[in-house]
């Protein structure tokens, strides 16, 4: 029925075991939980590691779910998503012998040697898709749809706005926060309003809410209008097709989970440290499929900015404050 | 001009959000006019959304029915709503359970059961895949080209037109036909109806089933148009707002429709406010609570003690006194 | 021992538990679990393994047991909250929102006001309770003065609480994560000695407060003047008015007390389990489960305790059920919903029991012959 | 064809704890008015509900026009030509007269109701039988008398030729009653047969051809009306000789205790119910308020006890204003109140008898102290009242719900009289009770009077008012039409006053 528990308990005690606990989004969330699980499944295929997940139904479940794996003697337990930061911290404190890791949250300053943190520089990748949007908009109006006003999502927004403004100072960026990551209807409505207002490209960082953005774009396509969506987290053209997906801001949670777990296998667990994955580390970026819709000259420009960011020439704003400082 | 464009947009979005509310609220009118409180509207919508989405996915993609699938899905959703409503009818009409409590239980049940089923059917995912053949908007030829009004009224999902049709049909049935007269009599004075040979329980069954069908359609209208999938958040409170619309609309289909349109507007407003750039003035979280605050204000200020059907909430005991 | 003796002993023993008042809830629980098992079979899961894992997840070790108590604690509060309102003839679906504002107020007070240990926690708890009470005033007032049905207003108040607490945390209390700053330890309800007893589980002093609240619930409703009024209003508002009671005031004060209990639960949860309050797009769910608890417990103190234990255990054990038997956690939601449904439609249960008894009666004869 | 249109043989119907009908035989001839006489609770309505298919008999057979039938529901009864006008009207308030009449048998045009045809039919019936109604009026806007005509039209519309009228005169003035009797006679001339339920002897003498008397679920006898008289019927009905008058000494009125001046008030729908009502009650007298139901009696009692706001005028108790004060404040000044509906107002049915006995005094010592209830004091109080007023209950802890109606009422009366009030308001204190209980209560009211209390007795039963009250104020459309001396008036005069007409040559007021 599902891939969970692919390798039943028993067998030799030497089997390496890695588990993950999802936040309330669940494992097949089309987003980072799913991406993380993909990383673990790859690990299973490549290295014969036993992997397992549980889903949490509310905040109170995080700690016991993590603790259960720890108590079962798993070699590494992942907490997926910024919502689990506190829970991972607490479990790590109470179980100094267990190893844990967290995605999207930085616990490196807590002095916990048994926790590895992974965060992403979403603003850097968002800057690149901002460049694409800024150069390709016909109406000089682009949009951003966010889920909730979390710091992570703010990084998407500010990076994107900076990218747009850098290449096209005259362009407007309309911003809407729907207040939810799981309401496609709100995403669709937001997209409809934006497109009606003349926006032709929308970047969303809103989980399933963004599905609604794609649905609206598809409907407009059917009616013969040219509108685009920029996907998030993974290559969303694979789900929604290249006719509406201009590009995606890919966040390689799978790679991160895979790499950190693999390091533990090799005895190099980055406990107590944070891995900040940006353009340089290939933690964020745009997928290959982008070239189907984005012309070469634009892609060249993107590559140029990418290099500038990597070598530090450009510092992409992550917060509202940083953005305002640069673009007043 | 931009302002006028927004107006068309606001009306359009209002209609999109109101559709499900209208269908469910009219469903509520049937049930409550017959004397059965239907707080299970939320659960009925959930079941309808689930059945609609799953049918559309399996027929549309699996069985290759393509764009015909969502229309069949609507019918299936209505049926599923009726089946689920049957539980409410059995509990409240036959076994005289407390109608509010039964409704609350069914809301819980709908929520747990549908997600459980989704996980079974979709490989452990908490939401269905995206519906590849959802309902598309109908563009009424010529009329949809009229500026502003065209966008506002003549580009709309078929379910929106269905909702207005349901209002007209409900009015006709409840006020022009013998069945409607009997249904309302049963909700006002079941014993009087009984002495005239009207089968009180049977009428209440019909009424609750009709409300199930309409609420099911309402739920499906969300899944098949705006969300294009089903998850635990597809229906998150719309059933209760529909209930409020029904009360606000004084248990009358037209009143319920107007109230639903009003609530749809408050929902639409929260996006419009941001698109128009007003979000800088009001924080998003505060905009989000607008529909709920407005609902309370409306119930408090305008409705007051509305006249509910006299026998509403009271189980009928044949031969009792 | 011969057959007759055994049977009479058995019936006497069953009689202890199957008093008419307890029969329906008990059978409902069994029915709920049975239908859950059928669903699992239909879905290709192993119900025996699943319920085994559920049991394991509750009683398997001290940690799980302590965490189950942690899960039970807020349910006692919200169950009491809903039951208190029921006793006054009101259906409070708003415990959820009252719980949220209770959490927020407690955290806020701890952050904003300094006080010595002990006093600090009391202040925070009081603030949480009062915030919940405030949240109950609105539906109470609208019901009393404008006749607006409290079911709708409390549902609306829930959403308002959800978005408003998010906003307030973000605007005034935000830490570096998506949550409020942490509370000062002087106001924590965590107790090392208690956690240590349960292998570091997050059981906290809130459970003692909850048990106290149960006693208070009983005393207030059955031993005080106020309780007399509230119950009279709940059972017959016309008679209460006739007898000179202020029905409107009773309704408002009952909703406040109900909100107070839920708010207290929220405060205890924030101070005991987390030490902060998170920004969340969804409800914690304790308020809704409180409805189930109150219904199952028949609004009696002992019943509420048992109901909270049952639903808390089901909810917490569901995690282990998922982990060990792969059964989706929603199954437990279905079971809980079915239990409420059967309790509400007690006629269904009685009919089923009647059928059962009849067939059982026939079976009993052959049984007797055989032994 | 049989001589009898209705023949019920050996009908038995049991309810939990009571045999409502015990092997009852009833035979009704074609074209007669057959009266069914019995005390409250004798089983009359039950028997007729069986005939109409609302209840199923446990035993017995029914023959209609000689055919054995099983009347499984009202549809069957309708098909057999049986129509029933219920004791409590079965009308849908927000519907029109026409809608109520055609409900369940609507004329159609296509899928819709043919309202034009329906109205025409109603008009035609209404003219043929002299039952004047306005087909388009809403039930809630028309008088009780007209509502009753609608009920009769409902049966005629369905083609009934056997009409059951269950206590049709309870809500009518004597004059309206005479009109109804004329209508009934007209109906039997048209070939209908009528079963008339009542416990009023005079009506039977005036209207019926035959009478069957029922006592405690059993038939006592069937006699032609020509061959009997009221005294004999009363004895049959009650099972012993009845004294129609309670013994009482003349009143010795003292100072004015209650003074009501030009009080106006609205009813629940916001329509004026009291239109400047004025009267006074003195210490040591019983003032009876007589009137047809719905003329403001309920509202009057409510404004006096603080349950309803006055919109004008004043109410003085011992010279001090009490209008628009909360119920408790008024009670504390010494007003006790036996409410007209003991189930709605008088008792919390799920509270124990003990709790009900302190329903309005629980907040005072010795029943509570410092906010806490004192259980022993509450129990002791209840036990005392139960003893004094002979309330039959297994224990103080028994819920009020489990007591019989009469004992519930005794409990309420005990509680109120025990308060030792200056003014005792008794609204319909004997409704639905048997003769024994009625006598007991009447004696208690007179005792209270003799102790110098002011007593206001509001009742729909003219007999009760005539027997118990010292002075009688007649209420009509929210006003007192006249106040008369109980010893110097009769049913006829009161009837005219109750219909709103002032007898010639008399000045109104006190």
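What to note about this one:
Order of writing sets the chain letters: A, B, C and D. Residues in each chain are counted from 1.
One rule holds in what follows: a contact is a pair of C-beta atoms (placed from the backbone, for glycine too) under 8 Å apart; a residue touches a chain by one contact, two chains touch by 3 or more.
Just so we're on the same page, UniProt names per chain: B, C = ABC transporter permease; D = ABC transporter ATP-binding protein.
Note that the structure is a prediction, hence the values are computed from the model and not measured.
Interface comparison, A-C against A-B: more C-beta pairs in contact at A-B. Inter-chain spacing, taken between the CA centroids of subunit A and subunit B (ABC transporter permease), is 35 Å. Subunit A and subunit D have Cα centroids separated by 76 Å. As a whole-number value, the distance joining the C-alpha centres of subunit B (ABC transporter permease) and subunit C (ABC transporter permease) reads 30 Å. Within subunit D, not a single residue touches two or more of the remaining chains.
Within subunit C (ABC transporter permease), contacts with two or more other chains are made by residues 43-44, 163, 166, 170. Residue positions of subunit A touching 2 or more other chains, listed in rising order: 1-2, 4, 55, 149, 179-180, 182.
The full set of touching chain pairs reads A-B, A-C, B-C, B-D, C-D.
Residues of subunit D touching subunit B (ABC transporter permease) in their complex: 52, 54-56, 73-75, 78, 84, 86, 90-95, 99-100, 103-106, 108, 111-113, 154. Contact residues on subunit B (ABC transporter permease) toward subunit C (ABC transporter permease) in their complex (touch as defined above): 39, 87, 90-92, 94-98, 100-102, 104-106, 108-109, 111-113, 115-116, 119-120, 124, 237, 240, 243-244, 247, 283, 285-286, 288-289, 291-293, 295-296, 299-300, 303-306.
Residue ranges of subunit A in contact with subunit B (ABC transporter permease), taken from their complex: 1-4, 25-30, 55, 149, 174-180, 182-186, 188-190, 192-194, 196-197, 208, 211-212, 214-215, 219, 222-223, 239-240.
Interface residues of subunit C (ABC transporter permease), counted against subunit D in their complex, comprise 223-228, 231-232, 235-236, 238-246. Interface of subunit B (ABC transporter permease) with subunit A (complex): residues 2, 5-6, 8-9, 12-13, 16-17, 120, 122-127, 130, 134, 136-137, 139, 151, 222, 226-229, 231-234, 236, 268, 270-272, 274-275, 277, 279, 284-285, 287-288.
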